[in-house]
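Next up: some structures, all given as structure tokens.
Each of the two complexes below includes chain A, the first together with chain B, the second together with chain C.
This part shows the complex of A and B:
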């Protein structure tokens, strides 16, 4: 990169020629207001708030590369006037009566209004009326607040890869639309919610988060999503001084997801309707009876011994697994399969470079949403990567590619993918036949999507998927559906957060913490250890598995963690 | 056998719509009725220029220019002129004072001051015949370039000629080619901009319809010069005849080995494809046009990077206007010195204008640079009809501006026009007389740009609309004097901060009229009076632009 000399607010500086004026200003710590520009998105220069003066001419600093001889002034009267008038035009374009807006206090447009001291409207607001699209389960779009910065469109395509949002018409009639102009709720929207996260105004909002609190009223807790083994970075907004979550945002700085989340990661915590186990219970001849922590400990201790086995699932964190091994020795097994049909031979960076993808038997939009985003943005975007879907049942990915094959015809997918340089096969579980066909294909790279969040942790701890019986069977985790059926004769102890139909058949139910009440680490699909931070206190009479296990192992908590 | 007479019948779009097909049929029937078919050659040509007099035809060798033809007139012309050799003078064109001057085309005042380079074939040859084009020296320039010149020599020749882009901005064509030639990359493209979105403009259309091969030849030479093998002609779908003729010409040129692989037996390959645009004004802007050719929404993007380095599919690309490209072959054959000798110091060659509005002779004219606006309107245009008083001329379309009466001695060249705050533009010239209200006229153009704004950047999208609202108030007698300040302030910021040329120039009609016709604005505001009696104040209810309730689904 060439170094060039320019003048910045009168001072000569030497800068890299590839940078924009805004980049340089940021490095120099000079404030330039921006609105449509947002770091992970390609700059577009729509809002003109970032104009600066260069020898008499105004230039949008976010899109203008520095050039030798420039004399940049960031704060001249002309610059101020231009920004002020364009800001007035933005306020006057649609309806920005802040006191009736949910975003007031959390709005980048309003912030600029304060910065520029807007105390009146130059142009009459309320000139026209626009629709409010309330058709979506999680989101609402109030077009009256839209400033057409198109951050939502760009995020939906460039980052999330869904390519749902777009625009119609032109000029001041431009409207943000979904698909071919259908209500958002009827569109191909996957509910990843990134548009709401990136919208600078009160246009696209999370319904459940609305009116719960502003950013300044929140504690923002960095954490990791533990719903699937990808491990997306998140920021949890908890109402300060309260014990509820306002919203979950993707962490823009996360090397894994770069801000993008899927429907599960963003909304499950706000829409969780599973029935919590509110207290630990023991079953006797008269039915269930509540017991406290000491009662639980007493019974559990009495059941640990050579004839006890422990089953776990992939929802447990590494710290919990380590303690379980300490207590049960080698008698620890996984209730679900753990071994990859074929081990991964590439990682996420390999995935984001490939020219072709063969996705076998997983609906990425549904189960591994952000992995889906990584692939879709390359398939539907400029890179024009090729997507091949091999599946027998319904798979929503089939709507974005013509290359759809049944398991029987999997060879055809390989044939079609032939000329492509770098092809990654993405799968989770595979039948033996498919696995054998695949292993013969040396030219392909594999990315295995582990079955559960911490499946890799199970593998690393040497915990196998096996059926071993004992007189006393312990289960730790969420997925206790099959336990009773498998061990009809045993005394079954379940440490679990939820009640399900099968719960009634369990002998000792230990109500545990869940979700953001827990903390710990797990290994994601790349084998990276990720930390999940706690964001909530539990409100029920529930037990932290770690507390229970440390007692059972005879250690104090501080000794084990 | 030499034919006795040759008839050029104008097949330009205007003549077609005024019944050229019917006239031609009648002529053919009548000729065969009189057994003259063998004696007379009929050639259909592109636009001849004086469109308001169509349908038109010229009968050679006499050069009688027949206008406003109908079936009866055809019958008489065949009987009198073609059979008996006596031209029917009362059907030929002459202004009242020049009725006697004669029929030779050159002597008509409409043509006298014109200087035809790019229009030299329009109205003279059959645009559907490559043989006729070759007969006028067509494809000679291409042959010369390929056989005798290096690409650098071609660029140098064009640069020295002083040719500047005719699409509006007047950028030196040779320089643009040089940048593209020097840009790194093996794949490069040539795009011909035939979008012509200005309301009422038909210069480029007429060239494509009347002399399509000249455009193709120009593109090929450009391709040779910058090292491109592929060209695209971007033309609006509303020009079906131009599309048809270009398509036909491409096929003919390929058949003759003048386009495609190994042109003139050399190693130079060049192919051309036609891309049709949906007719948005902004698609004429080069970066929007590129997006449109790529199959995306036709939206401009910030420059730099310029297309010469990052153009179509991110490859080096030159975009030239139709008229620019039609000049190329003449420069190559006659030399840069010849071209350089026409025009003024910094503006060389000629410019085609579409003359319209309150002027006697409307139509297509080609004039040397440096001619005055006065000559254009009063000599070529024949002055203002109905003894009305000349008021101003709007030049450069919706992004241009007004030249008032006291400035009509200004020479038509890029610099002089820019000094007046107007632009050459692509060649629209609308003459206004005392019955035109300048405020209303400014509003009319703004209405156009408001509708055509692509809506990406805020100054153009919302600023122009606010200006329109203000003008709307003023023309309905609801304005206030502060509105003039508001207009000026908005204009200034919109021009300075808009992303593309549309917004950067859209306030021009307002700014130029505010400068020279400020009193008319004040009259509207203070006296609620429109001296041209165009604006109505009675029902002075301010209704802003039609409110459309926008729906989401």
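This part shows the complex of A and C:
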């Protein structure tokens, strides 16, 4: 890269030629106000708050590359006046009256107003009335608040890869629209919520979070999403001094998801309506009765021995798995399959470089939303990567590609992908025939999406998918549905966070912590160990599986991991 | 000591800004000792500002023809006009009716409200007529200084009046400049 000399506020500096004026200012520690510019997005120069003066001319610093001989001034009267009038126009165009707005205090436009000492409007506001789109389950769009910075549109396409949001009309009549101007709730929106996270004003709001608290009223807890084995970085906003979650935001700095989340990680965790098991219960001839921690321990201890087996699922963290192995030795099995049909031969960075994708039997929008984003932004974006979908049932990915095949015609997908250099096959579970067909194709790269959050942890701990019976069967995890059915004769002890039907006839139910109440590490699909931090205190009479296992094994978690 | 005559008026607002003014508490006494003289204000219950008033404080937006007259009189008789509070500065809550025709607003208010029986829209000439749009004060007269906030804090009002009494130009920033 060529080094060039420019003048910055009177001082001569040497800079790399490819950079923008704003980049250089940030490096020099010179403050330039910005609004539409946002780090992971490509700069567009929509809002013009970042104008600077170069030898008498005003230039938007976020989109103007530095050039030899430039004399940049960031603080002249001309620059100040231009920015101030620009801000007045932004405030005057639609309704930016903070009193009405729930974003007051969390608003970048308001912050600029304060920064510039804006204490009145020069232009009469509230002339036009705009639509409030309340059709979406999780989001609301109040177009009266929109400043047309298009961050949402850019995030929806450049980052999340959904390409749902767009714009219609021009100039001051421009409107942000979903699909072909349909209500957001009826559009192809996948509810990833990134637009609400990135909106600088109160236009796109998270319905649930809007009235629960502002950023300054929150404790922000960095953590990891444990819905799927991808392990996206999240920031959990808990109301300060309280015990509830306001919202979950993607972590912009996470190397895995870079801020993007999916519906499951952002919303489903907060809208979970499954019935919690509120206390531990034991079953006798008269039905269930409550039992305290000491009682649980006494019964559990009496049932541990050579004739006891433990079953686990992929919702357990590494510390819990290690302690379970301490207690039950090798008599620990997985209730669900763990072994990959074909091991992965690439990782997420390989995924983000590929030219073609063959997705087999998995609806990425639904189950692995962020993996879907990684693929879709390359398929629909400038890279023009090719997508091949192989599936028999409904798969929402089929709406963005012509290359859709049934399992029977899978060979056709390979033939069509032949010319492409770098093709990644993405799958979760596979039938034996498909697996055999795939293994013959040595030139392809494979990315296996594990079935559960910590499936890789189960593999690393040598926990196998087998059916071994015992007189006493322990189960740890959430996926308890099959346990009684498989062991009709045994004494079954279930440590689980969710209520189980009485008809299941589990002998001892141990109520455990769930979701944000737990902490621990797990391995994501790349085999990276990720830490999940606790963000909530449990309000129920429930037991941390770690405490239970520590008591049973006589070891603490730091001793085993 | 030179007296600084201060008048104030309460247009289309909720009186919260005057409450905030009173919320200066003992600092009111301090300001009065330093020369502030409250003349025509809702606090002293005098309505017409006298000629040569130094500072005129206007709370509330301009929503009726009477209020247009009020603020014009203030402009005529006061040397320095302060618009105080979001309604006076930006138009505020009263501008919510700007998106609805005046006739519909009156019908809803006087006839269609759920608790009203045989309602009618008052027509007395004593009452002001609604303007087609509610206006911020600076859309009607020239305003010399603005204190936004809903309401602005007593600290902000104290700071501005104190600076004016001492002959300086106030500059609101930080905690004193708030829009809500």
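Before moving on, here are some points about what is shown:
In this section, the second predicted complex is superposed on the first by the 550 of 561 C-alpha atoms of A that agree within 3 Å, B and C clash if a C-alpha of one lies under 4 Å from a C-alpha of the other, contacts with A are read in each partner's own complex, and residues count from 1 in each chain.
Basically, a contact is a pair of C-beta atoms (placed from the backbone, for glycine too) under 8 Å apart; a residue touches a chain by one contact, two chains touch by 3 or more.
Model, not experiment: these values are computed from the prediction.
Shared-chain residue A:51: touches chain B; no touch with chain C. Looking at the shared chain after the overlay, A:129 reaches both chain B and chain C.
Ranking chain B and chain C by residues of chain A touched puts B first.
Contacts of A:404 after superposition on the shared chain: neither chain B nor chain C is touched. In the superposition on chain A, A:113 makes contact with chain C only, not with chain B.
Within the superposed three-chain model, A:13 lies out of touch with both chain B and chain C [touch as defined at top]. Once chain A of one complex is fitted onto chain A of the other, the partner contacts of A:30 are absent, as it touches neither chain B nor chain C. In the superposition on chain A, A:304 makes contact with neither chain B nor chain C. Taken together, the two structures place residues 129 of chain A in contact with chain B in one case and with chain C in the other.
Only residues 83, 86, 89-93, 95-96, 98-99, 135-136, 138-139, 143, 146-148, 150, 171-173, 177, 179-180 of chain C touch chain A when the two sit together in their complex. Residues of chain A touching chain C in their complex: 97-101, 104-105, 110, 113-114, 117, 119-121, 124-126, 129.
Those residues of chain B that touch chain A in the shared complex are 280, 282, 297, 301-302, 304, 450-459, 461-463, 465-466, 489-490, 493, 496-499, 544, 547-553.
Those residues of chain A whose C-beta lies close enough to touch chain B in the complex are 44-48, 51, 57-58, 60, 63-65, 78, 81-82, 85-86, 89-90, 92-93, 123, 127-131, 133, 141, 143, 147-148, 167, 169-175, 177, 181-183.
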